[in-house]
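Notes follow once the structure below has been shown.
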Amino acid sequence: MNDETVFILNTLFFLFSGALVMFMAAGFTLLESGMVRSKSVAVILTKNIALYAVAGVMFYLIGYHLMYRGVAAHDGLFGTFGLWRPDDAAAASGDFSAGFATTADWFFQMVFVATAASIVSGTLAERIKIWPFLLFTALLTGVLYPVTGSWVWGGGWLDALGFTDFAGSTMVHAVGGWAALSGAIVLGARRGRFDAVGKAVPIPGNSLPQVALGTFILWLGWFGFNGGSQLSLGSGADAIAVARIFANTNMAAAGGVLFVLIASQLFYKRIDLPQILNGALAGLVSITADPLTPEIGQALLIGGAGGLLMMAGVKALERLKIDDVVGAIPVHLVCGIWGTLAVPLTDSDAHFATQLLGVLAIGGFTSLCSAGIWLALKATVGIRLHWAEEDRGGDLSEIGLRAYHFDFGTG
Amino acid sequence: MNDETVFILNTLFFLFSGALVMFMAAGFTLLESGMVRSKSVAVILTKNIALYAVAGVMFYLIGYHLMYRGVAAHDGLFGTFGLWRPDDAAAASGDFSAGFATTADWFFQMVFVATAASIVSGTLAERIKIWPFLLFTALLTGVLYPVTGSWVWGGGWLDALGFTDFAGSTMVHAVGGWAALSGAIVLGARRGRFDAVGKAVPIPGNSLPQVALGTFILWLGWFGFNGGSQLSLGSGADAIAVARIFANTNMAAAGGVLFVLIASQLFYKRIDLPQILNGALAGLVSITADPLTPEIGQALLIGGAGGLLMMAGVKALERLKIDDVVGAIPVHLVCGIWGTLAVPLTDSDAHFATQLLGVLAIGGFTSLCSAGIWLALKATVGIRLHWAEEDRGGDLSEIGLRAYHFDFGTG
Amino acid sequence: MNDETVFILNTLFFLFSGALVMFMAAGFTLLESGMVRSKSVAVILTKNIALYAVAGVMFYLIGYHLMYRGVAAHDGLFGTFGLWRPDDAAAASGDFSAGFATTADWFFQMVFVATAASIVSGTLAERIKIWPFLLFTALLTGVLYPVTGSWVWGGGWLDALGFTDFAGSTMVHAVGGWAALSGAIVLGARRGRFDAVGKAVPIPGNSLPQVALGTFILWLGWFGFNGGSQLSLGSGADAIAVARIFANTNMAAAGGVLFVLIASQLFYKRIDLPQILNGALAGLVSITADPLTPEIGQALLIGGAGGLLMMAGVKALERLKIDDVVGAIPVHLVCGIWGTLAVPLTDSDAHFATQLLGVLAIGGFTSLCSAGIWLALKATVGIRLHWAEEDRGGDLSEIGLRAYHFDFGTG
């Protein structure tokens, strides 16, 4: 196959995979808008569309360069500062050895950073102010994510040590999860989330169909997320790999659903729908660090185990009195860690110690920086709604409208 | 064009088409969650995400082999038992004559079996228990569908006779429809669906926007369902065929919409939105047995006729006091039969008698086995909610929550 | 690369891009169903699925020929009358120089005309009758759009003058916008939209999550809309162009979101969610006339400026007492004009005067013809609901049902 055909196929693959990942922004939006109370829906919609826009702009302004350009020259710790610009001069003059249009790669990487930011917004819903959240998002997508990204995908120090994270269990999901966890601790729980003796009080979401649709959209988008991370469709071997990734991704999600379904019946004596939906996502996050080397049955078990760990994570957060509105920390952080550490189970080139080092280094950096930013924002502009505004709901108090108006005329 | 390029294009086409079909699971979910009463929404969401997971696991554990491996050795009646495993050894060593990555084919076939299972859940909504439904789903996707699938797509006896069903009007939609019909008869109607004199009482769904979105998602997914069933994109002739399939698929759906729109205005003196939405699906099911040979105008008429037959089917079910919550039997069974029998109208290689034989054989096998399973489940674990639970709604009685909480704070 | 590979890639690209554009029909549907009052939801769903079906049929019956066949023979003013038929004879006999399957092109162009029709339905919601609306849709998609389409994309007189509109800021979006504006003027505002002294009274939509999801779906679909308008993926240069189009499309939308976010905070002292969502669409429409030549930062500014112009357009319509339920005129007409006039800013081959001439000619033709049709319909069958029907809501008065039934059983 000639270089130009490979170039076209790779570019097409990046773009359509990237479009699927872009649609995950809608999935997160619905998952979150369904899980909050009806008085906080419009605010969460606002945050989600705005964060996707912010992520794109920041990754253009500084993120991409910081993650991918000149990392070696900075001891593998971070890249350079600079606006992203396409560089297709060689291809334009007929040398297609670069393998793909550079803009396609930028687009694909940009939708990944937006995913990390989406994770944060769900955890902190119903009590964080819009503008400080967007400021945090700008720093997360412009600086924090790109710095740790440079360590691995930018060819930095963790990559040199052999740390492996195929599509980002740690690089995307755990990074989002750590940022969310830091924020949840600094911000505190919603009023009424824990009672006088510290027991968790369930706060049901306003619309489970929205949550379910969001989950299905995320599941769909994950084919682009994991499949596209093969980064190439220019050979038969790539095609075999991408097919395997699709099947493993699907099966890990199915494992997450079924293990949580059975476990919730056994432990709680009833089926817990929101947890089952999160079970799908737990499976997906778990397989993301390595959707390629597992056999399909192994993918099922890795996803299923992720589902159980997610359930344990939910309990742990409740014990710790940390309020995570949508369960993003158990899904993205707990399963992001699990997926990353599970890589050596099926990939003999990966080492547990290196995987653990990567998890700790990226987790340490992201949590410390995130906590610092949250504390700085808290000390200056403030990050939390006044208690009376929170009770009233952000929709009315922050943006002055309601998300729903059900009124059936005079008929 | 060399074999490797063909291999890549075919694999890519399977995967992206399969992803569109996977998204149909979301379409069915929304269609059903919108058509049930608001007290049964969470249960239908649960069933739909669980059935998709079950379908994938069962098709991996036994379904794929039973449908596609060693069918000839069993007189064309069924395949072998065995876990599905990829077999890309030849391609990995540079021989791309197999034409595509085997895992891509598995993925594409798996999302088809999930579609059949989705059809059942809508018909039986609001009164069937979750666990028996999932047990039935496991048998349908692991055994029933694969057995009849082996007869045609596995190269079995019906295929040898020349039965033709391009993308599954019978193999997928009617199979799902027969399973649903058997279940609906064994299970009985919802309380209050028919009044004291046996007249049907309309029970409106809780959210028509959900139904409409589900319909659009299904329409979108059908491009993958029918288009991908070309099973190849490795030649110019394939490309011409796939383009034709897309256009015919779209036009049959449009025909279904418009014929039902006009017919509902003429017969009922008003536009019936739920039927119009089902008209789109009726058109889609009708063209699925042969989206390739019709002219585009013929596709319009085949789909339109499907819409009218669907309307007749709704009336017939009401007369028979069979309760089909979403109209899946008129859409998938009636139009599945119609589409299959209509193939000889445009494809001179197909014969009406063979088509009819296939419809009857597959229908007979699927209904008898389904009825047997439903009756066995009824006699053992029970399949129906207690009447008080049904009145209360499965959301509260089976899984202990409500799907919606609309409450606007203190503002 | 050989001709057959190019033919396959182009066809595949048309079809998958077209499928994304088809899904925009769902996006418009949700945007509109969320923005109307809950008494007008079912009617808007009906109109949207019906208009998509009508557009396909009309573009098959006369639209495609009128736009693309024999335009030169009619002085570049319109094409011929005739049913669309595929013409792949050359390709079928091994000559792939046509570049793509003709049916793929038809499908791609058909989903574009449906987009134009979708724009009209939102503006006129809550007061226009269903059947006259569908009649107008048939004329718009069968005649008006194809005639102006022939002037540019059919190789007619405006194309000869050098007018350039890559993916249809004017050809699709402004055309839909002009038709909507004519209709809004002829139809008049909803009862209660303006108070006794002519001041606009806000009428909030019933479900902002639907609006947000619709916006995300439109954003997703726009990658197909603008990307597919490259019309070719058969060379490395095409791949580079398409990648650039994806990135610019995304960034223009992001610019629209962020500029409106900041402007609404500065001018109104609060974040206006519906306007932010429309900001994304404003950005998308603005970049559609030329998503290829701008640098990515320029795309951000073009989209951002579009967002601000959209806000100004909303104010202007309120002053003029024109009632546009979803803001389609500011989004599609105002930004369609802006995007078209902005082409010369980055494309040195385009000329402002020619662009302006195209805007005026197409706008003049479309508005005059649309106004004529609306007035004729008004004078004959009537286009507006009786005031009592409007108060009751079209759902009950026109189609006899309600879109929502929230009722939580006896539990």
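By written order: A, B and C. Residues from 1 in each chain.
Here, contacts are C-beta pairs under 8 Å (C-beta built on N, C-alpha and C of every residue); 3 or more make two chains touch, one makes a residue touch a chain.
Not measured: the values here are computed from a predicted model.
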item	value
Interface residue identity across copies chain B, chain C - same or different by half	different
Rotation angle (°) superposing Cα atoms of chain A on chain B, nearest 5	120
Geometric centre distance via CA averages, chain C-chain B, whole Å	32
For chain B, residues contacting two or more additional chains	5, 16, 207, 213, 402, 404, 406
Partner chain B, residues of chain A touching it in the complex	1, 5, 9, 13, 16, 20, 37-39, 204-209, 212-213, 215-217, 219-220, 223, 227, 233-240, 242-244, 246-247, 250-251, 253-255, 257-258, 261, 270-273, 276-277, 280, 295-297, 300, 391-393, 396-397, 402, 404, 406
Contacting residues of chain A [partner chain C, same complex]	2, 4-5, 7-8, 11-12, 14-16, 18-19, 22-23, 25-26, 29-30, 33-34, 41-42, 45-46, 48-50, 52-54, 56-57, 60, 83-86, 88, 91-92, 94, 96, 100-104, 106-107, 110, 130, 207, 210, 213, 398-411
